[in-house]
Each structure stands twice: as structure tokens, then as C-alpha cells.
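Two complexes come next, and they have one chain in common, chain A, joined by chain B in the first and chain C in the second.
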Partner chain A sequence: MSTVAMITARGLFGRRRALMLLPLPLLLIGLAAICRAYDLDPSQWGTAVITGLGFAVVLPVIALIVGTGVLGSEVDDGTLVHILTKPLARRDIILAKFVVAVVATAVTTSIPLFVAGLLAGSAKLGVALALAAVAGSFAYTAFFLMLSLLTRRPVLLGLVYILIWEGLLGRWVSGTRVLSIEQYVISIAAKLEPTTLLDPKVGVMTAVVMSVLFVVVCTVIAINRLGSFSLAGETS
Partner chain B sequence: MTTQTQPTAPALPADTAPGVVDLQNVSRWYGNVVAVNDISMSLGAGVTGLLGPNGAGKTTVLHMMAGFLAPSKGTVTIDGKPTWRNPAVYRDLGLVTEREAVHAFLTAEQFVLACAKMQKLKDPAGATRRALELVEMTDAAHRRIGTFSKGMRQRTRVAAALVHEPRVLLLDEPFNGMDPRQRMHMMELLHSLGDNGHTILFSSHILEEVEQVSGLVQVIVAGRLAASGDFRKIRRLMTTRPHVFAVRSSDDRRLAVALIAESSVAGIEIENGGLTVRASDYGDFTRALPRIALDQGIRLHQLVPSDESLESVFSYLLEA
Partner chain C sequence: MSETGVIHDIGYQRYEGPRLGRAAAINALYVHGLRAAFGLGRSAKAKIFPWLVAGITVLVAVIIAAVKSQIPDFTFGYVDFDDNLSWLIIFFVAILAPALVSRDIRSGVLPLYFSRPLRAADYVIAKFLAMVTAVWLLLGVPQFIMFLGAAFTTKDGFSGVWDEVQDLAPGWAYSLLWALLFTSIGLLVASLTGKQAFAAGGIVAIFLMTAPVVGVLSVLPSSAANHMAGLASPMTLISGVGSWALGSQIGLDLGRYGPIYGIEAFCLIAASLLLLLARYRKVAAL
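Right, the complex of A and B next:
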């Protein structure tokens, strides 16, 4: 593990921020377990829990916490300077932070989605949901990592993307879905395990290509922005 | 408590030329506000103080030197290489920012070791040990930085900036938060680094600090370079302001009478403790005084330039 990745991981899991990663996955598992315990038909709750909570809230919100946490918090408190004053390619710094963010997001979201899929259908559905969550972890964290270098309010802008773009516009304006990571994740999951519980709105090919594009474009922009990272001028 | 070892800075290899920080016609503006205006300076080995009142542009200059701010105009180079968008310069550059943020969850040793590893040093553990010894942080090396006092954090940050023995070290207000003993130790360390061929630039708005650490100053006032060089020489070049000397002799009154006839003397006050002489020309007066004293048979007990302190120079520059 690189030194940058080590510092990033320790910073991420050593802060209170890490505790914020737990409630949403537990809520997802808890709701699915309650529905299953009451022997409700998955057609009655599966879509709401898996798509409405899992893909629309748990995955993007955890990716937002982690994606902005791995870099944004160091930008905010000024500790990033200690990493930037080293002869390291900015690409290596971004990639190390991106890998930590993807692993943390993927582990935290794929496990509860696997459990929800298992309870709502089968282990195969669980695996499909978990793999889709991993794919979504790449796209979301790359996007939020980039936001933390483009704006001083990455969390706010990230929430606007999740709630307004994906949550509101994505439901009613079909054209916005082509730039919705949530829709890519649903399409990939539905392709891996076709089920009535998932209602894909974009083609799987579009979903895969756009996910890759999100990762590549956002990462390239983040590397470029980090190369031009400026400190505030006069402080004394 | 900390150990009592004297700081001995690592010497540069003999075949390396002095590190040179070079600014050529550098300006930096934010919208319509000009923070730094057409500054040129070249720094060689030794310790230089970057002096100026709050908001003068010192931090902006330091950040441009450290590659954390693009000059709007002009060039900033270290050893001829531009610092902006060039991470390779950090092999030869150490930076201690004014903001004291450090990864609080690491111990001092882990933090400095991480910096050594990111510098890709051959023996990061050995370099870490040496850097911590240099700043007298060996005893607290295994404590989390989050538990440190401001001065201890500052020393840890200096150790991290020095771990790769950079030729150029930039420090923004390095004495902030240090107690007098730590301050003295840091001054000795900077002296030692400068004597060993390192190029050290530190900013400060506290005149006594700069005066004690370095005779060389770069004075920035309102974004412009107001003066550059040895502050005593700068003072002597200010010919429009009389130079003030405190003189004590075997016969002050007779000496005053003889001196007032000299064209280089603008005024004399006779006080209980001696004479206060205002000379319009530094060179002429200092040559005339011993001659006059000899002619008059007066013994000189004391001759002290009383306004050559950095504070006087600084206040003159601000008034200019």
C-alpha cells in the first residue's frame, strides 16, 4: 500500500466520518430483513428497498461521504500540503486516493445490497446487485473526488446531483438519465440478473460506456486540477 | 522532556552549487487587486528574512516560490526550473507553511517517516531519526501529533520539511507559537543550515526575529520589494535620512563644538550620557570623527549607530 493510500485510509477510517458510513447500510439490511420476516411478497417491497433506498440513497450518499472525504477534508484542513510538497506525480496521488475511496465505498455498499438481493430474491440477485454497486462505486467516487477539487462545497454540490439531478429530474425528464449514475447501476444489475424488481431506463451498453467515461473524465480532470492546486495568497 | 543536543544541520555535498531561488519581474493579482507587484529577487545560500507588515504580500511570494501559486506575470524558478506545476522541485525544496495543520492521527515519527517515504529516500527510517533529532523531538516521537503543543507541532513540521535535506527551505512565520528556548533553538538551526550551504528564506512580521536570525532581508511593502540586502547597508544608503550615532568621550562638550563645524554633521544633542549626533553622510562622518578626536586630544569611549536596527530601517521604508 502506498504511503498516500495509507494516510488516506487512516484519515478516512480514523475520523467520525467513518461512523456515518454505518447507519444507511444497516437501515437497508434492516428493512429488507423486516419485510422478509413478515413474509411479504418481494414484489411489494423489493423495488422500493433495492432501487428507492439502495441505489438511490445508500450507494450515492456513502460514495459522497467517502469520495469527498479522501481529498476534500485534507483540502479543508490544509494537511494536503504535506502530500503535495513531495516529488510525486499528481496522477499517483489521485489514483491512490481513488483506490481507497472505491474500496471503502464498494465494501460498504455491496454487502448490504447483496443481503437485500438475497432476501428479496436469490443469491444470484444479491451478487448482481453487489457487482452493480461496485461499478457504481467507481463512477460515483470518481465524480465526487473531482468535485472536491472543483469547488469548495463538494458535499453540497454532490447532494444537488443526487437529490435534484438523479432523484427529481431523473424521474421526470428522460434526457437527464443518460448522465445518471443511478440509472447505469440499475441497468447493469438488471442485465446481470433480469428481474421485475429492477426497471432499467438506459441501455446496458450506454450504462457501461458512460460509467467508464465518468471514471476516466473525472479522474483526468481531478489530476489536472491537483497539478494546479493553489494555496490562498496572503494570510499574514 | 526533550534532549539537549545542539542542532547540527546536514552539510551539502561540496560539489553542489548554492541553491538559488530566482524571481524575475513577478506579479500576482486577484481580479483588480494586485497582491505582488513586479518583484525580482535572487536568493543564494544563507538565511534571508522576508519582512513586511501584515498583508504586504509575503505569503503570496512564498507560495509562488513553493509552487503553490502561479505568478500572473514573470517567472519563479529554483535552480532554473519553474516551480509552478513541477512536483520534481520538491526533491530540493522544503516548505513549512504558516497553517499548522498536520495529520493529527499520526505520531511525529509516523508523520516524518511518511514524508521520508514519499520523498523516496533510500533510508527513510534513518532520515526520520536524524530529522527528529535536529528539532529535538526524539522523546516525543511516539506521541500522536494531535496531543502536541503548537511549538511541538511546528518543530515536527520542520522535521518533515527537512527530512530529505533540501537545498532550499521556505518557512512562513516559523517562530509562531514557540517558547523562547524553542525559538532560540530554531534560530540556531536556521543559522546552521544557512552556514552549511542551504538557502533558507523565512517570513516574519516580528523585527527582532529577523534581526537575530539574519542580516539579509527582503522587505516587502504593499506588494512591492521596498529593499533588499543587508539591512545595515540598506540603512546607510538612505542618505536622505540623518544617521543617528550615540557618542561618549572624555570631553563631550568640546567634541560637540568641534563636530558641529563638520559639513557631514546635521545636528548634535548633549545629554547626560553623552552626545547624540545626527550625521547627513555616514561615510564622511565616520571618517571625520576619529580625525577630530585626535586633533582635539579627546578620547572616544563609545560610538554606536543607534538607528541601524532593523526596526528603524523598516519604519523608514514604510514611511517612504
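Right, the complex of A and C next:
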């Protein structure tokens, strides 16, 4: 199992691929730093940077790249066969990959969000944002990992979820917010450190319960799907 | 057992028909690219996403045309249509650009293409034109539906129709600007990687992560920074060019920096195309 985790981590960070994860967090920190340097009031830029960029773009996009990358790229390359033929329970394979994906996402998103929170308010706000980002990493990566097993086009479906479900519908149609991880993350962060910068739209209980539900259900489905995974040819 | 070997003539022949040359190759790539954009000639799965997006845009246009014909005061111009559907355009570009160029890298057909009379510039131009056409059709057809709705319900006879035509023409030009800018950026990103998934994610990341930059720049305590905030993101850049060239209203105050928006849009498209050309100077033979 540790070998699977190691291979996955190397697939994610090996050679120059880790650099792909850098620009988004750096942009987040850079923007927060610029605003801070100009001595702007956080109420003017906090929402745009933390919610608009951090929770709406950086967290989901990085989770999408990592979550679909850990398994999806192996399905694409066909190297998944080598792991499947080893005497390992498929549950262990999923769990190992899930843990690596969560750690990678959590590290790359919580650090910039902590810095942004620190610059926008206090260290306490930073910690709250970072913890919320970690919770979000769990839910997002579980969801995207499941997508990469359910369909041959996980990134496109993931983009539909981020852009259309959370981005477009989540703004106007209140009913879709109950199934929007972005809203859970905002609620959790706002509960940990109430601030005017965050505008939670779902209750914190709903947020926590639904996040856990997302993680558990998606992981179970993923394990189930990998259990009956059959190798197919190239898609259209 | 025969003593002497015989070479049988099994009918191999040299090709002696006409050679079509570069122009035909460009045309073939263009047509193929345009068909692939909407999944024509491919499996049903490949048609889902493009037609989903196209269906939504047409639906929106039909709704707007219907509302417009009932409520005369409802002002929703052709230009507003593009601005409001920018998310869908991003999504469409993120599907399309990887399908056009990343697939070729992944399946290793580039060396085959370039062993033909086709040159790197031809390849880039064919793909670029195909994608510009596809994105423009995505926006132009719904705009035309809106035009039809307005033209058939107008009460001023031919002068009313002519007014609508004068509104539609800048709307189409504006759509073309969206298509040009988004295509050049999308193709450039997609040409860097053979993995469609990474390319799609990268394109969306670039468009999405620049939007908050505009929000931040527009609150900085400097009027020059506020006026030029829109330069930071392709979406607001296009809106800025639109409001400078066409006089449409956007939420951004350009001040006297309107021409800079036009210059940047032009430079961005030109630079992306030059970088694309540079990228295809040399292709890996797998």
C-alpha cells in the first residue's frame, strides 16, 4: 500500500509536474500581498480574494487536477493494469491514492489560504480558512476521484461541476447550494472564525454532514467501481 | 519444383493522379477541425458536451427573443448576450482546444502531418480558423435567432429590420473578437500538453484565476490602476474593447485608456499565434 502511495506521489510531483500546482497558490498570495502593501481595507478585497479566488477557483481546480490525476492518468496510460494485477485489495489501492491526493491538495491550498487569511485579518482567520480548505480537499478529491472511475472524461465532468453547478447555478439557484462543496467550505470557515468577509449560505451542520457524506459515499462508489473495473480500449 | 524464380506482377502501381498540395491539406484540416468541434463524425459521447453548450446558448437566445417580442422595453442587446454567457464560452473553449490540438500530440500524428507538404504555419492556421469559426458559430447563431425574433416582430416595417441589422453587425463583430481572443489563448495552452485533461484544466484555470485580479485592481487607490484593471483578464479585456469600439456599457470605467484595451487585445492574439508557430517549429516524433 505504501508503494502505491509512493508511486502515486511520484506521478503527481515527479519531474516538472509539481510546477503545474504552483501558479494558482502563488497568485492568491501575491494578490493578498499587493492589497496589504497598499494598505487597503480587507472588506474591499477580502471577499474577492478569499472567496472569489481561493474557494471558488484555487481549491476546486487544484483538487480537480490532483483528484483526477492520481487515478485517471493511470487509466489513460494503461499503467493501472500493473497495479491491479498485484495481490492488493482494490480498496487499499483507492485508499492509498485518496490519501495522497488529499494530502497534496490540502498542502497546496491550505498554505496560501492561511497566508491570505493572515494578511486579510488575523492568524485565527488564517487557521480557519486553512482548516476549511483541508475539509474541502477531502470532499473535492473524493468526488473527483470517483468521477475518474465513473467516466472516461472526468476532467470535463469536473469542470461542468465547478463552472456550471457551483459557478453558474450556485449563484442564482439556491437549491443547488446544498450539493455545492464550495458552500460547505465557506460555511465551515465562517463557523470557525465569524467574519464579514465570508457569507455562508448553508448551515454549518448541513455543511459538515454533507462533506462527510460526500467523502464516504464517493470513496465507497470508487472502491466499488474499481472492484469491477474492466480494461477497455481507447475511447472516441 | 520450378528452376527459375518468377516475380509475379501483383498489381502495385504508382499514384499518378493529381497532387492536391498545401491548399487542399489546409482545407481538409479546417473542415475536419470544424466537424470535430461539434463531434460530427465521432461517437455519441463526443457530441454530448459541445451540443450541451450549443443547446444552452440557443435556448437562452430563444427565451430572450420571446421576452423581447412581448416586452418592448426589455433591452438585452447582442453584445450583452456574449458577456453574460462568458462562462459557457470558457467551458466550450476548454473542451474544444484540447480536442483539436492535444489529441494530435497524444496520438502522435504530428510527424505524419508534417511529412506532407503541410507546413507548421498551415497547421496552426487551419486549427485556429476552425476553432474561431466554431466559437463564432456558437455565439453568432443564437444572435441570429435573436435577430430573427426581433425582425419578425418589428412594427416599423423595413426600417425596423434595418435597425436590427445595424445592431446585429456589431454584435457579430463582438462575437468574432471573443472567438479570436479565446481561441488564441486556448490553443496556446492546449498545444503545450498531450493530455486533454490537463489542457482543459489549464485553460479554465487561466481564465478563472485572472478574474479576481480585476476585482482587486479595481479597488486599488489609483485611478489609472482602476481604469486599466480590465486588462488583467481576457473577459474584461474584451468587454473593455467592446465598450471602447462599440460604445456598449459595462461595469468598468475605462477612462481615457480605451485604446490600450484595443492594443492589448491585438497584441495578445498576435503573440499567442507567434508562440503557437514557435511551438510547432519542432515536433517530437513520439
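In this text, the second predicted complex is superposed on the first by the 228 of 236 C-alpha atoms of A that agree within 3 Å, B and C clash if a C-alpha of one lies under 4 Å from a C-alpha of the other, contacts with A are read in each partner's own complex, and residues count from 1 in each chain.
One rule holds for everything that comes next: a contact is a pair of C-beta atoms (placed from the backbone, for glycine too) under 8 Å apart; a residue touches a chain by one contact, two chains touch by 3 or more.
Just so you know, these numbers come straight off a predicted model, no measurement behind them.
In this overlay on chain A, chain B fits alongside chain C without clashing. By the touch criterion defined above, A:L192 reaches neither chain B nor chain C. In the superposition on chain A, contact of A:I221 is made with neither chain B nor chain C. Of the two partner chains, chain B is the only one touched by A:T3; chain C is not. When both complexes are overlaid on chain A, the residue A:Q44 reaches chain C alone and has no touch with chain B.
Of the two partner chains placed by superposition, A:A120 touches none, neither chain B nor chain C. For the combined model, the angle formed at the CA centre of chain A by lines to the CA centres of chain B and chain C equals 80 degrees after rounding to the nearest 10.
Legend: residue contacts after superposition of the two complexes on their common chain; A:T85 is shown touching chain B, with no touch to chain C.
Touching more residues of chain A than its counterpart among chain B and chain C is C. Once the two complexes are overlaid on the shared chain, A:G11 sits against chain B while remaining clear of chain C.
Taking the two complexes aligned on chain A, the least Cα distance separating chain B from chain C is 6 Å. In the superposition on chain A, chain A positions 235-236 are in contact with chain B in one complex as well as with chain C in the other. For chain B in complex with chain A, the touching residues are 28, 30, 35, 54-60, 63, 66, 68-70, 85, 87-91, 93-95, 97-99, 101-103, 105-106, 111, 114-115, 117-120, 160-161, 172-173, 203, 205. Contact residues on chain A toward chain B in their complex (touch as defined above): 3-4, 6-7, 10-11, 14, 77-79, 81-90, 227-231, 233-236. Against chain A, the residues of chain C that register as touching in their complex are 42-43, 45-46, 49, 87, 90-91, 94-95, 195-198, 200-202, 204-205, 208-209, 211-213, 215-216, 219-221. Of all the residues in chain A, the ones that touch chain C in their complex are 20, 23-24, 27, 31, 34-35, 38, 40, 44-45, 48-49, 52-53, 56-58, 61, 64-65, 68-69, 72-73, 76, 152-156, 159-160, 162-164, 167-168, 235-236.
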